[in-house]
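There are two complexes below, and they share chain A, which is joined by chain B in the first and by chain C in the second.
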Partner chain A sequence: MAYDFNGATIEADEEGYLVDLSVWNPDLAVLIAEDEKIVMNDEHWEVVNFLREYYDEYQIAPAIRVLVKAMKKKFGGDKGSNKYLYELFPYGPAKQACKIAGLPKPTGCV
Partner chain B sequence: MTELEKTGDLSVDDFLDPLERPELAPDIMAESAPFVAAPEIQEKLGYPGELVDNWQEKAIEKMGELAGKYRSFKVYLDSCVKCGACTDKCHYFLGSGDPKNMPVARQDLLRKVYRRNFTLAGKYLPWLVGAEDLTKDVLDDWYSYFHQCSQCRRCSVFCPYGIDTAEISMAAREIMDSVGKGQKYCNEIIGKVHDVGNNLGLNPKALKATLEDLEEDLEDETGLKIRLPLDEKGADIMLVTPSADFFAEPHIDGLLGYAKVFHQVGASWTISSYASEAGNFGLFIGSYENMREVSLRIRKAAQDLGVKRIIFGECGHAWRVAYSFLNTLAGPFDFLDQRYPVPQHICEYTHDLIEKGEIKFDKSKNDHIRLTYHDSCNVARASRMGDKPGGQFEIPRAILRAACNHFYDMAEDTIKEATFCCGGGGGLLTDDLMDIRKKGAQPRMRALKQVAEDHGVTHMAAICAICKTQFSKVMPDYGFDMDSIVSIHQMVSNAIILDGAKSDDEDEAVNVTVNEDAMPAADGAEA
Partner chain C sequence: MAMDEAGGAPGAAKKFLYVNRKAPYGTIYALESLEVVLIGAAFEQDVQLAFLDDGVYQIVKNQSTDAIGAKNFSPTYKALGDYEVTKLYVEAEALEERGLTADDLMEITFEDEDDDWAEKPSINIVSRADMAKIMSEQDVILSF
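What follows is the complex of A and B.
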């Protein structure tokens, strides 16, 4: 598939993950999120931004538990739970949030 | 709103009904097919990038090669008499109602082409023996329906000829790969293992950071420096576990359980970043070469680290490959300590310590859980544990009973040798096959619902990374909480008594023994 972004065609795989991760930008993230029926708010951005920072450092998305803990540390207890992340990203924080953050899909038995 | 919470707002009608029996519906699943692997994924594994021009000829040639090389495959193709004993044994048939998901019919998609090309009657009187040419429609059927088989081998248990259906599905996928039609999910993952060492693509730096993070969690919880060592040369034991144990829930809780067991007995152990994957998807695509290449990483890691023992974590097909084929694929393992099983399963290891009384549990820590156990197909039907027949059924249960007061088995015809697949095994654990995954989970959900009603069961333990992921994804659709699937070693982790650990409960019974008969009634436990 592909995203129609300001008149340009942005290539994505069958499930909507970006083929070229370097084309990502915040406006494109909003568009990908819309496709996932998510309206991006500050809380979504906190997660997406953290994922991107982590990816910059480690070239992979963090384990859910690592993400939960980091969120808790950074934004407080009520934002540090699996439940909270599923509220934000109902299809699962690992896959849906990664897609919006322009990260590759986690593969394997996950 | 979480999937879990949604349950509060929805009526029963919003869930899939585990008791529903779908009507017979020919070809209803014909459109279900996984994404095809892109050329670069295929070529990396040594397959043609896309469907080759003379694919019919090449596919028949490959079929002949496999039938010549593997006597078993030829016998399985020749010996089916279509008695029908397998028809209602497949979870995908039971959940979908598509007759091509009857194991006999699914196999016949391949067998009819074999007959046409390799049997005298099929060559001259094809209409008489149900022999057919390999057409594009047949190839499409292969791609669709051989990806609706999780190679769980439940049907084989009921086959009077002992035909191993999984081998037919594996061969079909191998043939398709050889003509350039591979599955994206499996083949992309195998490529990642060759490159990085695990299915996730978790590089050593990220793995190290994850393990350090988890060590912090363990210290917060217990007050102890429980380690998750990485790449430590000279360790006695190398743990090879599915990479999902480093990433997903509830898998990670199992990993923490292994670490606590090793810590409590002072074992010297390590994880390897080079062989950071127990799973071996080479099995799913029937590729001996890929299976071997993945296995050789384990051998190399064990030699480089100089370990004496290899222990596998909770992963179903990993244990099948390890138990049944590791020595053939990557042996001999004469450099390991021969006094221990090569390789050993983490459940064998933990069970042995329980038997010797070297680890003990405070079972009351699991009193909020009423547990049942899902035998994973590859552990149940393709391997063994311990030194007694049926050890692969009894050892996991013995561990769970030692760690938990309330354990109830599901119906006998749905467990042990007759266990149902989770619905996501054999390379089907991918989002593009979600429909068949949900349908395939139905027979297990039915058995779970029964035991939940009869005994108030709240949780189900599993011994396989695929099962855990599959259930946490599909259980909410059947009205169960996504957290109700747990790892075996998660139950161990909850209840193991660690010397010197800080306690959040002063009433905790520290003298509890693992012997159920000698076990004092725990506070809060019902009669």
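What follows is the complex of A and C.
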């Protein structure tokens, strides 16, 4: 598939993950989110930015369990929970948030 | 969905040892091993890694892949602690035969939940004889 972004065609795989991670920008993230039926707010951005930082440091998109633990460490127990993340990203936080963040699918996702 | 969202399998976790024997680039073995390790860890198995032969090069620090146009995936080893993979065994003889010492390896650590999240080293350098003993204690050994 592909995203139509300001008249340009942005290539994505069949599930909507960007083919070229370097083309990502915040406006494109909003567009990908729309496709996932998500309207980005500050809480969504916090997770998306966190994932991008994690990828920058470790070169992988973390599995959900790892994301929850890392969020808990950085933002506290309220935000470091499955419930909180699933409320923000109902179809799977790791999967949807990674897609919006322009990262590959988390390792361990089928 | 993420595999770890399916919940843990009933019964006790098995002891898995992933044996890494090849240099990190030039073949796909090292990267494939690392990916399988991360998937296995997501299933909440007891996962350990062994580095023998040229496999010790996988965790050498300051890797740069600019000249070969391949992705430098070495930072990912530092995420293993987040996946609760906290035991990386490195064979002392393999290091020595390649003129390497512990100082040439990346700093890979984990936070010990049972010790107030103290940061501890994940890398254990062991003799060839001890490595054989570690292997004999596993339920499953996968060689890459």
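General remarks:
Just so it is clear, the second predicted complex is superposed on the first by the 106 of 110 C-alpha atoms of A that agree within 3 Å, B and C clash if a C-alpha of one lies under 4 Å from a C-alpha of the other, contacts with A are read in each partner's own complex, and residues count from 1 in each chain.
Here is the rule we go by: a contact is a pair of C-beta atoms (placed from the backbone, for glycine too) under 8 Å apart; a residue touches a chain by one contact, two chains touch by 3 or more.
Just so we're clear, the structure is a prediction, and the values are computed from it rather than from any experiment.
Look at A:P62: by the touch rule set out above, it reaches both chain B and chain C. Contacts of A:E14 after superposition: chain B is touched, whereas chain C is not reached. Touch counts on chain A: comparing chain C and chain B, the chain ahead is B.
Contacts of A:E87 after superposition: chain B is touched, whereas chain C is not reached. Within the superposed three-chain model, A:K95 lies in touch with chain B and with chain C [touch as defined at top].
For the contact definition in use here, the residues of chain A common to its chain B contact set and its chain C contact set are 58-60, 62-66, 69, 92, 94-95, 106-110.
Only residues 1-5, 35, 38-39, 42, 71-73, 75-76, 78-79, 82-83 of chain C touch chain A when the two sit together in their complex. Of all the residues in chain A, the ones that touch chain C in their complex are 57-60, 62-66, 69-70, 92, 94-95, 106-110. By the touch criterion stated above, chain A contacts chain B in their complex at residues 14-15, 58-60, 62-66, 69, 82-83, 86-87, 90, 92, 94-95, 104, 106-110. Residue ranges of chain B in contact with chain A, taken from their complex: 1-5, 35, 184-185, 188-189, 192, 198-203, 205-206, 209-210, 213-214, 217, 242-244, 246-249, 251-252, 277, 279, 315, 429, 431-432, 465-466, 468-469, 473.
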